[in-house]
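The next part holds the structures, each set out as structure tokens.
In the two assemblies presented below, chain A is common to both, partnered first by chain B and then by chain C.
Moving on, here comes the complex of A and B:
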């Protein structure tokens, strides 16, 4: 770990100013469950770390016009217990999937959304794109956990966020502050992520000095949702693949739905084809399975991760069935 | 009580032996009072960080540590591999920096300038054809017994299968390392995390040019070793050297990646097996070729022990070693039995499936080829009852079930030696009645302190807490290293001998003082009795010793029946498999285990629980992942090296097999055997559940799905 300045602002405007210094070579400290690891391995070497935990406006869940507003610094276990979030099942499922009390009490939702990839090449210093002498180490290497979708470019890692699929399936938007003290914008969460073509682009649209302040969720009324994580074991681990579904059913038929895959592509992957296939049809074991198949129809597995294609299809099927209370069995 | 003969008390008369006794050091460990090498922090201690090579094979062409020496807080830089040295695996130590604080040491490491000439490497241990092409293989022999070809012709069923088990690291919670401190009179005190207290002092003395008498080696507690901590190691010597150079204490514990990469692995094994049976299920032929790696040395699982436990009349075996640019192997709990079992009992299970027979019946029928058929048969019957085998077993893949989840049963069996290691002890009885023992042994978490106390307290008729056990220092009488499950016999034998002799001497004093027949005396409940009548208290008896304590030395092993070797065990697994995601969950594991005379039933059972948990780890989750292209150990951290957690363990049922004739055998080691057959039992249960063999362990969701897709049976 390299030496850095530590700052603890009290307002969002102060935070934005502090983050914009040093030409933006700064880092946001939320729960720290990812940042500390990155700092210890010298994978990020900011000149200043700005601790947002001291900004009161960033913590807590409040009712919003037709929905709720979640402070990006709200710890996960607080979300789990908050009655305002009772109807947002895909978010609650994702928290439950973490299994670690330590991460649940330290981790924050904003931190999760900005979590850098767990790709072991990246984490051992080969960069986000894991290139060596102009060639991808992932393409012919140990890619068992890597992307099966959206992997045609140089980025082969999978998005690490556990919450983005569920939040996107619920129609979440994020409010971003900075780089100027008064700058702020709100965008749909799905537009927050990018698939980088160069090392410098990163994995989100955040520019130096910017940070997420809040997540805005529309009313969950009429939406049945779920996240299904495929976890190899019962302990703390990243899902091998996950899927989230937000479904509106009317008169026994799907009126609208959003299906999002996690840990399957460099970004949370919206399975438009699967959603189209379901719309106007009843949701049952058969149509859920068809949606699962449609979600991975365009998959392009790498040399060693073909197994994830089936797994992703199953995750979609199970997320849909779970959302609508029809899931039986499964480990 | 009469004859003065070294022996364990008759089972019916034992008061402590065979009971359930909590660990003597349980409170210290759970409260944090216990100090490990990694906790030693005497005033002025310097901390060490190391630079390791990230190439699998390279030559050091430039190494400049001058800038590192000038970094703030840095006191010493130790060079392991200078210019022209060849590095043969990722994680090899190049240099280490000792500094006032870990952060300064890290700054020092960052200031070291090193350049390598990168050389060709090979790290793939499963790809035999590729290794042959790369000229990385060597034959480790082939030998035949009987006539395999003729037997195959007569067979009713012939099964050909492929099996494997990945390399794993030891993953000690406390990494390898030490705290070294020199005193003014030129003596070195080493707090070493070791399984070998009596044997490592000399390993420091020789290379450091010291008299062996000047090395005080201490290890009161160790956070895991599993066979990987018998040596001073180059990092231990580096700590001692830097401590001397700086005149300051130095603590050097390996960091987690280096621990995994360089401080020990269990070799992998892969095998092509042909196995055949007659119509009744008698196995009449075995033909195998196995390969794997132990690292750069290019060895694999010993040929001589193949096939495992079963010595079939017609068998051929062949082994090929692969030299890989990977960290060296070290003994890993029951070397190499888990691998042997994983490559043998799975093939037997598949043969049973081919015959359309219950695996249990095929194992039972072929026990005649094992060294202890009667014991295995009894253990199998007990295990079958505990897991309700007859009710729950079904033909492989034919269990049915709703949805994607299938359930299955599997079994496997194992053997181990567990003889007593060489050891001396000193039993000291003070005139005030207090009792101490001294031995240069170590408690590697297995209850050594507790079983020594049980042995001595039982002999003197005292409560367990009346005996103070001193171990963990090479100042005490020599005791063997804790490896091979040799410690329980190693320490209990000499302590029983010494305590019995001490008691007889005390009896002689009592005889004279109280005018009773020596042959009539017994010691029980803190009293000396003559034909069951009170003569005096223990304290009154020991007061007859005069001003000085009574000291009696004990030695071992001896051929007096206190210890023996040779144990067996049977394990059965009940698992559920999600056939859509490949996820495996353990519902229940049953272990039936013999180990002769059991000193502490609780400790014995705990050993088995631990073995089962470790077996679930290598069976389902843990493996070293080598990246072929970079030659790096790519999951050398606790995030990507997967270990099971509490929720993955399922129900564990442990049954110690201990009829009277087992008690009569004397004490036998138990540390290793319970980990051996867990992997094979799990693999067989998964095959039973889904109807196809997942050939290679660990049985990850990926491997399960790939096996289901391939559909091979």
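Moving on, here comes the complex of A and C:
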């Protein structure tokens, strides 16, 4: 690791000031489960690391006007046990999928949302877009785990966040603070992510010195939700693809629904077509399968990841059935 | 640029002060600064759990924590597990069940299992396997480790009865 300064602020305003210094060449430290690895490999080289765990207002889950407010620094195991989150099944499913108690007790929800891609080209120093002499290394290379949707531009990696699909399916918003001590805004989580066209754009809208303070969830009343992961093995790893569904059923018909694919595109991918197809219809095995097919209708797999298309379709179907208590037998 | 910092913490019940750079991990400081080499380094990226210690009672991978983060915290390492002149029930059980071969994973497993038994004195086999999933062992095949934890749980409960 290269040398850096370490700061542990006590308030959000102090954190914003500390992060804005050095022209924003600073890094947020949350649980550190990914940041330390990025630092060790010189993939990020900040002049200052600002530890947000020491800011009490950023930790914990509290009731909000019409829902809950989750501090970005809340550790994953605390989310899992918090009774206020009991109805937010698609979030809880995603946490369960992280098969390491150590990572659950260190990792935070904000850290997951801002997790940089696991793309091996990025991780071995080729940059987010992995371009060499104007050509994508991914396009013709080892792209087994790369994007099948939203991959027409130079970005071929998949969004790493495990929780974003579930949170978006529940209508989450994020509160962003900085770069100034008084700057804060709240936006729907789906607008937080971008597909970069240049190396410098990054994977989120965060500008230097900005950070997530809280995640706001509307009431879960009337929403049935689930996340369904397709895993290569039971162990500690990211899903090959995942789907989250948040569904409102009234009088036996779907009134509203949100379906979001994870690890399928450079951003959490909202499957609008699938949701439209279901609205106004009953949710059963047949319509869920049709929604799955609709979700991947526009997929453009790369040379080695065609297998993910069918997997994503099935993940959508199963997430919908799981959310509504209709998924039977072996998962 | 970054100066060394003094960090005060409690390790295995004893007040400790050490000097470190912000870029040093807790694992590095335990092993190389404080000469507490019981905590092991396997992967250095959070996959293997060999470096597990308890930070304020919670099991964490010390390779993913900066040493400066533990200011004011309480840390428990494998060195503090055995009572004076004896062994912890987990240590006895690991020996009796032959739950180790090369032993590099053992301190991590024992710390993780200790955290489990503090939370859940009588875990099921499934709970044990889930709780230990962040610890890897290349030698034993895990069954003996699981049996050792079961034995230690029973032994601890018998002492309490």
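One rule holds in what follows: the second predicted complex is superposed on the first by the 328 of 331 C-alpha atoms of A that agree within 3 Å, B and C clash if a C-alpha of one lies under 4 Å from a C-alpha of the other, contacts with A are read in each partner's own complex, and residues count from 1 in each chain.
What we mean here is this: a contact is a pair of C-beta atoms (placed from the backbone, for glycine too) under 8 Å apart; a residue touches a chain by one contact, two chains touch by 3 or more.
Small disclaimer: the values here were computed from a predicted structure and weren't measured.
**Q** In the superposed arrangement, does A:5 touch chain B (first), chain C (second), both or neither?
**A** Touch status of A:5: second partner only.
**Q** Does the superposition put A:235 against chain B (first), chain C (second), both, or neither?
**A** After superposition on chain A, A:235 lies in contact with both partners, chain B and chain C.
**Q** Just to be sure I read the superposition right, which of the two partners does A:175 touch: chain B = first, chain C = second, or both, or neither?
**A** neither
**Q** If we overlay the two complexes on their shared chain A, which of chain B and chain C does A:311 touch? Say first, second, both or neither.
**A** In the superposition, A:311 contacts chain B only.
**Q** Would you check which partner chain A:328 touches, where first means chain B only, second means chain C only, and both and neither mean what they say?
**A** first
**Q** Is A:281 contacted by the first partner chain B, the second partner chain C, both or neither?
**A** It touches nothing on chain B or chain C.
**Q** Touch check for A:36: first (chain B), second (chain C), both, or neither?
**A** second
**Q** In the superposed arrangement, does A:106 touch chain B (first), chain C (second), both or neither?
**A** A:106 sits against chain C, while chain B stays out of touch.
**Q** Kindly classify A:22 by the partners it touches after superposition: chain B alone (first), chain C alone (second), both, or neither?
**A** After superposing on A, A:22 lies clear of both chain B and chain C.
**Q** Across the two complexes, find the residues of chain A that touch chain B and also touch chain C.
**A** The answer is residues 1, 99, 235-236 of chain A.
**Q** Please output the residues of chain A touching chain C within their complex, sorted ascending.
**A** Answer in residue numbers: 1-6, 8, 29, 31-33, 36-37, 39-40, 47, 49, 51, 53, 99-103, 105-106, 235-236.
**Q** What part of chain A is in contact with chain B in the complex they form?
**A** Where chain A meets chain B, its residues are 1, 99, 118, 120-121, 123-124, 132, 137, 140-142, 144, 230-237, 240, 306-307, 310-311, 314-315, 328-331.
**Q** Can you list the residues on chain B that touch chain A in the complex?
**A** Chain B reaches chain A through residues 103, 106, 402-405, 576-578, 580-585, 620-621, 625, 627-630, 632, 634-635, 637, 639-640, 642-648, 700-702, 705-706, 709.
**Q** Residue numbers of chain C touching chain A in their complex, please.
**A** Listed in rising order, the residues are 1-2, 5, 21-23, 25, 44-47, 49, 52, 58-61, 63-66, 68-69, 71, 112, 115, 130-131, 133-134.
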